[in-house]
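This structure is in structure tokens; I'll ask about it shortly.
The letters A, B, C, D, E and F name the chains in turn, as written, and every chain counts its residues from 1.
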Amino acid sequence: MGIHTYFQSLNDLERIIRCPGRFKYEEHSVSAHSWKVVQYAKTLADIEESNGVTVDWKKLYEVTSSHDYGEIFIGDIKTPVKHYSLELRAMLQKVEEGMVSHFIDEHIPEEFKPIFRRQLREGKDDSVEGLILEVADKMDQVYEAFTELQRGNTEKEFIVMYRSALIKIKGINLHCVNYFLQNILPDMVSEGSRSSIDIAKITNEALAS
Amino acid sequence: MGIHTYFQSLNDLERIIRCPGRFKYEEHSVSAHSWKVVQYAKTLADIEESNGVTVDWKKLYEVTSSHDYGEIFIGDIKTPVKHYSLELRAMLQKVEEGMVSHFIDEHIPEEFKPIFRRQLREGKDDSVEGLILEVADKMDQVYEAFTELQRGNTEKEFIVMYRSALIKIKGINLHCVNYFLQNILPDMVSEGSRSSIDIAKITNEALAS
Amino acid sequence: MGIHTYFQSLNDLERIIRCPGRFKYEEHSVSAHSWKVVQYAKTLADIEESNGVTVDWKKLYEVTSSHDYGEIFIGDIKTPVKHYSLELRAMLQKVEEGMVSHFIDEHIPEEFKPIFRRQLREGKDDSVEGLILEVADKMDQVYEAFTELQRGNTEKEFIVMYRSALIKIKGINLHCVNYFLQNILPDMVSEGSRSSIDIAKITNEALAS
Amino acid sequence: MGIHTYFQSLNDLERIIRCPGRFKYEEHSVSAHSWKVVQYAKTLADIEESNGVTVDWKKLYEVTSSHDYGEIFIGDIKTPVKHYSLELRAMLQKVEEGMVSHFIDEHIPEEFKPIFRRQLREGKDDSVEGLILEVADKMDQVYEAFTELQRGNTEKEFIVMYRSALIKIKGINLHCVNYFLQNILPDMVSEGSRSSIDIAKITNEALAS
Amino acid sequence: MGIHTYFQSLNDLERIIRCPGRFKYEEHSVSAHSWKVVQYAKTLADIEESNGVTVDWKKLYEVTSSHDYGEIFIGDIKTPVKHYSLELRAMLQKVEEGMVSHFIDEHIPEEFKPIFRRQLREGKDDSVEGLILEVADKMDQVYEAFTELQRGNTEKEFIVMYRSALIKIKGINLHCVNYFLQNILPDMVSEGSRSSIDIAKITNEALAS
Amino acid sequence: MGIHTYFQSLNDLERIIRCPGRFKYEEHSVSAHSWKVVQYAKTLADIEESNGVTVDWKKLYEVTSSHDYGEIFIGDIKTPVKHYSLELRAMLQKVEEGMVSHFIDEHIPEEFKPIFRRQLREGKDDSVEGLILEVADKMDQVYEAFTELQRGNTEKEFIVMYRSALIKIKGINLHCVNYFLQNILPDMVSEGSRSSIDIAKITNEALAS
């Protein structure tokens, strides 16, 4: 009861692992994912500003930092489930919102209730900040899938994740998307094509040096 | 494509951790849980038989071994979500059944389809075998929660799990439920009351021996 | 003392890791292995039945679900040790049986003793059910080794495991062995030959879509 | 070369574990810690605003999200080392700054260099935002230590961590510090005094219900 | 083939976990155990020397550092198995020696064979060095069990481990055993009796300071 | 207070992971590393002796077994930090020595203080034993990096580790260095060039056997 309950609940997201069930070389918690989204979004917003777009940093702060808080209540439901039908997706979102709302009613002191209601709602709207959040969220999906593919993971789910996130990103009309496609993605792809390491060659060079 | 796809998919259940998000001293995979349910059910069925009840062992085999296979597709959705509303629960069950059905259509060879449809359906019906499955499934919930409480875990969720599973079990009308309540549960409770270990005393006894 | 002790002991098999000491990309507990053996055996028995063979499902249930219970007492002894000499192997089996028998004497209530003695004995006899168990057990060895080789594990032990399990399986005279060799194994091998993923190509396709 | 190098480097902080060497019931990565600091700081800033203080949200975003980025280069050096001497502390900070600066020179494109230099510098200055960061950072130290003490961890280092963080917080002159001391800390302490769970009582209540 | 094979095999002992199957708060690999035995033995030998006993440090080095190398071949067989019968114990030791001998024959270059045969034999003889090894080995068993009991582990196996190791140690006639019993063990026991931490008290003291 | 505090502190090194932050297929604790250094050094010293060099085994024991004990106090500081400047390196070494010295003053009984001061000082001097320690320490760096490269890890840090350790080793003037370069390293390199496994071929051979 009180802000303590909320602060303490944050800890649970360290124990919710993304993409449950699939073999992966690296596991990522929802906390770690959330922090990377905050970081990407900051640079994406810098790119927008440098192109003359006005960014509401308070709103950006709120939507990026809390965007997966609801997973404390419903867990990281597998993507195919979320996309099974529009009806199910709408209902799951309604349940998540209901549980967040119930949590606020029960635990958040009266004077903070309006703030928490604003912060913990779904942030992916059509504002610049909402779109930046969407790009940053999908960008982490790209990075997570890329790292697995690069290490030799042959699970098809990671190819699907990588592709669908890229397609989603390129459909968003922001300056930072152009920057990502023209400057960041090519570096990633060229790194992914790096051939494996020739141990004999490195050894010989070291011994000859 | 083919039984290989099905056999290989079983592996994924080792990576789905039950009760995601909560702090726990021991993690349990869905595979390990499933095996324990198979084991409990065997003894529960032995108790029924010794009380003159006829058990269909083939059916029992099928319903217990596959009862959580559907979690490969939807993951271990948090209990509060499942119980949020009857409507959502029904829809999630429909989705799980739809995904299992889709998997059978796509991967299982024609001659096995009827067998897999029967085996991978929800097994908790009102038959003796369905009820034994329900008891065995809840019994593992009792054991998982008990072990955490015994080790000092103070998360309320484990008290709720323990209580609700016990209440569910005692409402089922089977000989094995009586046996559980009269012979197994008292041993468990008495073990849970064991006071902590007196290191000084053990040390002195060892040195004096 | 009582069935509680037996039920609680099942938990220990989640903490015994198969193939100890060797580097592996995925660890498998004896519990998870046991559950997969139960699942494979079910489909193998379905294949026998569809070929007109009569299966005793109660016996199959008993032998598959408990086949590695004895490892609670002796652990997962490394395969080369088990095969070091016929004399040692016989003695280890005698010790395991002795410990299981001692456990039953001490913890299992009188009325269950005959049942547990039957269930916890070695199940790999020459009956159809015993042979199905042998095939299912070796099949999991094939899958465990295959997955490691597929991910690039170069430990020779996994090649040995894979080969010796295949050789063992093909020597067993069951309809389901034919089905495995003709329908399941070719799918596995063809999957194992899948070349690695071309990240640049996937990226270009996604951007062009 | 480029923002890609920076984005990818964020992943490394998931593998740097705080408080290395000490036994703990829960491990926390620097990423997860960083995300919680971002979350606490948001609520702390809300409290300041509700008391009429002006918060620069862009600055707050920058200082909280990046405050431990430098640990990618130097790791989570043990606290006693950091506090060994003012001279060493100054030198370690100089090294961290030098490495961050070198990273920016080498990897960040020209047009972003001023932005990254501002974002990746030490953020704990005397501004409201710098002080909020200090409180949020110490608050996570309080929560990490509290959780260990509550679970029965008797390592003295966690008592030291808990105490020193509390003392640091109470010395900072902000409205949110008063709120923490009067509203959050008492809830935490009262939870920490919760006696252990009486399994027999819960069992009896469940059976009687 | 060659010393490389031997050096590389050392790595496997990091993946053999002691006391497999039992719940424990901390896992210990055979490597970590071996290193602690080397460390304890050094101080125990210092105590012998300070009492005028001559220590052969080369022999001590050889017997302590390699004492569990044979577990690479047979794993950490559960203690009750090892002690099941004198006959089995003798046979397991013979197998281990046979496998070590076979490894030396196959992989160790001719000129090193006598050295490896001496180093990799069982070191627990009646010499001062052999007895110090026995004390150091049992002392680590005491520490491992003590730490579990202190954290609240109620598994009976750890009480048995703690007791039997103490009894074994006190039966060995060395100066360092007296030192252990009179100076080290009392400190351990008194630490084990430390009552749990009063969070409210620490909080109040910190706020008042 | 007393040797107990020292013995118990050894446990902490099992929880300090080498090369923090970098992705790796296998983690190595400082304890496991220390044990491998002890083992390598033993064989390296055997090689020196077989070339007529006199080895002080007591000194070798002391310097190899304790060479990373100081990391209990300062952790495994990232290599680039250690090498950032000669000034920082000297200061970090001074701090480590100060903390070790403080630990001895506070916890080690009077009669052991001179022994511990000798044992816990930096052992890498110009004596044969000091040089053997240096070779053994770098050899483990070679093995750790080699294993990662062999498994396909493309992190540049492991190439750097591998190269710099090799270069350091070849600059040391010992008989065992020649042996390493001529007999051990070639085996390692040839193993590292092993091509991946052809699953189809192994399968066919097994089925034809």
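The rule we apply is simple: a residue touches a chain if its C-beta (ideal position, glycine included) is under 8 Å from a C-beta of that chain, and two chains touch if they have at least 3 such contacts.
Keep in mind that what you see is a predicted model, and the values were worked out from it rather than measured.
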Subject >> Intersection of the contact lists for chain C and chain D >> reply: A, B, E, F
**OP:** Identify which chain pair among D-E, A-B or A-D reproduces the interface of B-D, meaning that over half of its contact pairs, matched by residue number, are the same.
**Re:** D-E
Original post:
Between chain A and chain C, what is the gap in Å from one C-alpha centre to the other?
Top reply: 39
**OP:** Find the geometric centre of each of chain D and chain F from their Cα atoms only, then give the gap between the two centres in Å, rounded to an integer.
**Re:** 33
Subject >> Rounded Å distance, chain B centre to chain F centre (Cα mean) >> reply: 46
Subject >> Centre-to-centre distance between chain F and chain E (centres being mean Cα positions), rounded to whole Å >> reply: 21
Original post:
So which stretches of chain C touch two or more other chains?
Top reply: 11, 13, 23, 25-26, 150, 152
Original post:
Can you list every touching chain pair?
Top reply: A-B, A-C, A-D, A-F, B-C, B-D, B-E, C-E, C-F, D-E, D-F, E-F
Original post:
Mind pulling up the chain E residues that touch chain C in the complex?
Top reply: 11-13, 15-17, 20-23, 72-78, 80-81, 84-85, 87-88, 91-92, 95, 98-99
Subject >> Parts of chain E lying in touch with chain F, wherever the complex brings them together >> reply: 1-8, 10-11, 13-14, 26, 28-29, 31-32, 34-36, 38-40, 42-43, 46, 50, 55, 57-58, 60-62, 65-66, 109, 111-112, 115, 119, 139, 143, 147, 179, 183-184, 187-188, 191
Original post:
How about chain C: which of its residues touch chain A in the complex?
Top reply: 25-26, 150-152, 194, 196-197, 199-200, 202-203, 205-207, 209
Original post:
Taking the complex as given, what residues does chain D use to touch chain E?
Top reply: 23, 25, 146, 149-150, 152, 154, 159, 162-163, 166-167, 170, 181, 185, 189, 192-193
